[in-house]
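Multiple structures follow.
Consider the two complexes below, in which chain A is the common component and chain B and chain C are the respective partners.
Right after this comes the complex of A and B.
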């Protein structure tokens, strides 16, 4: 919906969810990771949900990424993803926490171990 | 001496003669006078008869014929009565009275057009301002929608956006009826987007079912986009208004010989013959529109459609009843208003129903066994590409747009494809946790085997990697949707990394 440079979007965002903005799964966050389960979608699935499934066809996406790809607001994608998760067409995972810094001691010990392995 | 008596007799004779003459004259005069008096009486009687007739004729003109003639301008079915006495019709009086009527008619018509034009100009100015303000409001609302995703706030924003769309539609239609421009320049868009956009402007949009039978990428030239959206919105509004709230309004988008058709069917009451004829006249747009013709409150929808069909060379037909019992409205867009949009480069909006054509093509490719399990949705053309086996295509998936060189264009897809060029088999296997587990198990088994044979370092590479490779090779057999890529599974180390990533994501929860 957004991001198209030259003009006002023709189809408003509320149409994608039928006017619903309260997700069925409130635990979905902006950075929750969505993955398609590969189950063939049932007939009569709303167009926007199909579009989201298509976007997930290549692998996993976070909710914000999917929103940017579909040009929909995050709130709409959360509703869509919630419905797809309810239908077991999509798996949702909690956001991947940012990796902490590795303990240099541990890294050194691993390196030593590898070296030892190589020399034996 | 005779003179005196002679004179006397002479005088007497003369006197008698003159008396006779006078008497005769007097008699004649009296007779003439009597005749004249009778004539005058007759004339007066006639006049007494004519005057009331004339007065009655003029009164009839004032009280019956002029109002009827005035009413006839707005209601063509009103008959103007003729003169009171049929014999005046051909007379000079009759002609004069007809002229009066004629002049009244022309003058009324001129004044009516002038007043209507003034009213239209006033309304045009007002609605243009309102329309611009509502567009600004729409921008603000959509920015807020992007910015905040709190469900309660988003719900309110969605409602406000919808309300705003409806107000915008009304303002825009009023402006169009008053002869204004549609008020918004759009870029080339998919026809289905224009239809869905029109649908979104209505309160009952939930009841609309859009079936898109167009080929993917059927677009509208830029200047036809907004008119088509307005026309579809008005046709749908009529359909929704005149059908029961528990029935659906069905929209079909189809190709016809010289363009494309948008058919709107409702299951309502339908229209009578007269209503149908009036509606058809309005949407044809052949007659100039007067606000006073539209009723109170003015029914602007059909009039707006008429304006737009005339201005933009579209055509709307309301003449046939719907097989569902209601009205069938057909909007025809001629091919010179259609354009081709590359659906890969510019996909239609996510909410726009996808074409049934691609689905049938995808099913066809399912039949040929190219992508058996996942081909029931998505774009058939790209599935075919998958089957044809080009590396980048196979991995970037059917959603990825490609340029002429066959390379993906969109950012995210480009990244996936770039990674895939090194390790083409990475993608399809990343989904199932059990497969991931199997792969990880294979890796562990491989490293374990390597450790047990650690005494013979030369064997490390030869045992660990092939086993993992075989594990990966088994997977496509288990999942038939990987069949296209069995020949690329020899590089499995990338595969296993992705499995690990997925698993880490899972355990981090």
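Right after this comes the complex of A and C.
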């Protein structure tokens, strides 16, 4: 892990990506779901990419959740995840397309789900 | 991790949303963070408002995970004019963005992003707002003018929104709904509710007011 409790990350964000500022996959969103493919990582994988891969060992994470866990900015995780996708170590699944968010059925399911949360 | 909402409101005051999750490390940073296998449709709603209005309190009251946060860098331009009033421990040009998650029935996972609404966060705002269903704008009736910026950003971004007044104990009660609507210059169709961000049911009701508004505005005219 690059984070340490209660402090700044050990590895600054601009170093975690090896100086790469733009992701190879611009479509990675905050809520894109990252899942490890299970392929063993090659030797020499940069530490920050390894840390992200490790975080996916126990299950899928969205980009923003991975950023919070690794204490990295979302922009850095976009770069790292893009590289891992290129290496076929990680699968990325987009959240619902922006046009789909006005789907009446989806909105009804959100409303039903919220109502079910209430205690009374 | 199963969803286990607290049955009683937190006794903490609904203030100071900045860094409210800083103590969350003790709960186990990665515990329960991974997505449930049933997650299918991931949607997000912005919980927008000025610092200290109770965004993180609301997110915490309904979220299944302890709210997490990301540190988002601000541009150099904004750093020069950054108003740090009310923001503790701010020695760097980043802003903490809190978010929470609620797994709903039917494979829907709802993310709530606490979004600072000042004009200087516009680039960050645009990035977070991309693909969002809508925004719940939290307003403190003791300082309504603190919410003008955020309402401006919401309206410019075209996101549908609802307004929720967070019921602070010492908030003035002499305002009528009409006065509050006038002060915020709200359109007649924009929902306006009062909530207690500490209470999960109350927070859910505010979110429901927004979602119902989204459903209504998308319904064909003849079906209304």
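As a working rule, the second predicted complex is superposed on the first by the 85 of 120 C-alpha atoms of A that agree within 3 Å, B and C clash if a C-alpha of one lies under 4 Å from a C-alpha of the other, contacts with A are read in each partner's own complex, and residues count from 1 in each chain.
We adopt the following convention: a contact is a pair of C-beta atoms (placed from the backbone, for glycine too) under 8 Å apart; a residue touches a chain by one contact, two chains touch by 3 or more.
Note that this is a predicted model, so its numbers are computed, not measured.
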Is A:16 in contact with chain B, with chain C, with both, or with neither (first, second, both, neither)?
-> first
First (chain B), second (chain C), both or neither: which does A:52 touch?
-> first
Using the touch definition from the top, say if A:109 reaches chain B (first), chain C (second), both or neither.
-> second
Touching A:31 in the superposition: chain B (first), chain C (second), both, neither?
-> second
Considering only the touch criterion stated at the top, classify A:119 as touching first (chain B), second (chain C), both, or neither.
-> second
Name the contact category of A:101: first (chain B only), second (chain C only), both, or neither.
-> second
What's your read, chain B or chain C touching more residues of chain A?
-> B
Please work out whether A:41 is in contact with chain B alone, chain C alone, both, or neither, and reply first, second, both or neither.
-> first
Overlap the chain B and chain C contact sets on chain A and report the shared residues.
-> 6, 13, 30, 33, 55, 58-61, 65, 69, 71, 73-75, 96-97, 117, 120
Would you mind writing out the residues of chain B in touch with chain A in their complex?
-> 135, 138-139, 142, 145-146, 148-152, 154-155, 157-159, 161-162, 165, 184-187, 189, 193-194, 196-197, 199-200, 205-206, 225, 229, 349-354, 373-374, 376-378, 396-400, 412-413, 416, 427, 430-432, 454, 481, 502, 504-506, 508-509
Given the complex, residues on chain C that touch chain A span 3, 5, 7, 25, 29-30, 33-35, 37, 39, 41-44, 62, 68-73, 94, 99, 101-102, 104-106, 108, 110-111, 113, 127-128, 130-133, 200-201, 204-205, 207-208, 211-212, 214-215, 218-219
What does chain A use to touch chain C in their complex?
-> 3, 5-6, 13, 29-31, 33, 55, 58-62, 64-65, 67-69, 71, 73-75, 95-98, 101-102, 104, 106-120
Can you list the chain A residues touching chain B in their complex?
-> 1-2, 6-23, 26, 30, 33, 35-38, 40-41, 45-48, 50-55, 57-61, 65, 69-76, 78, 93-94, 96-97, 117, 120
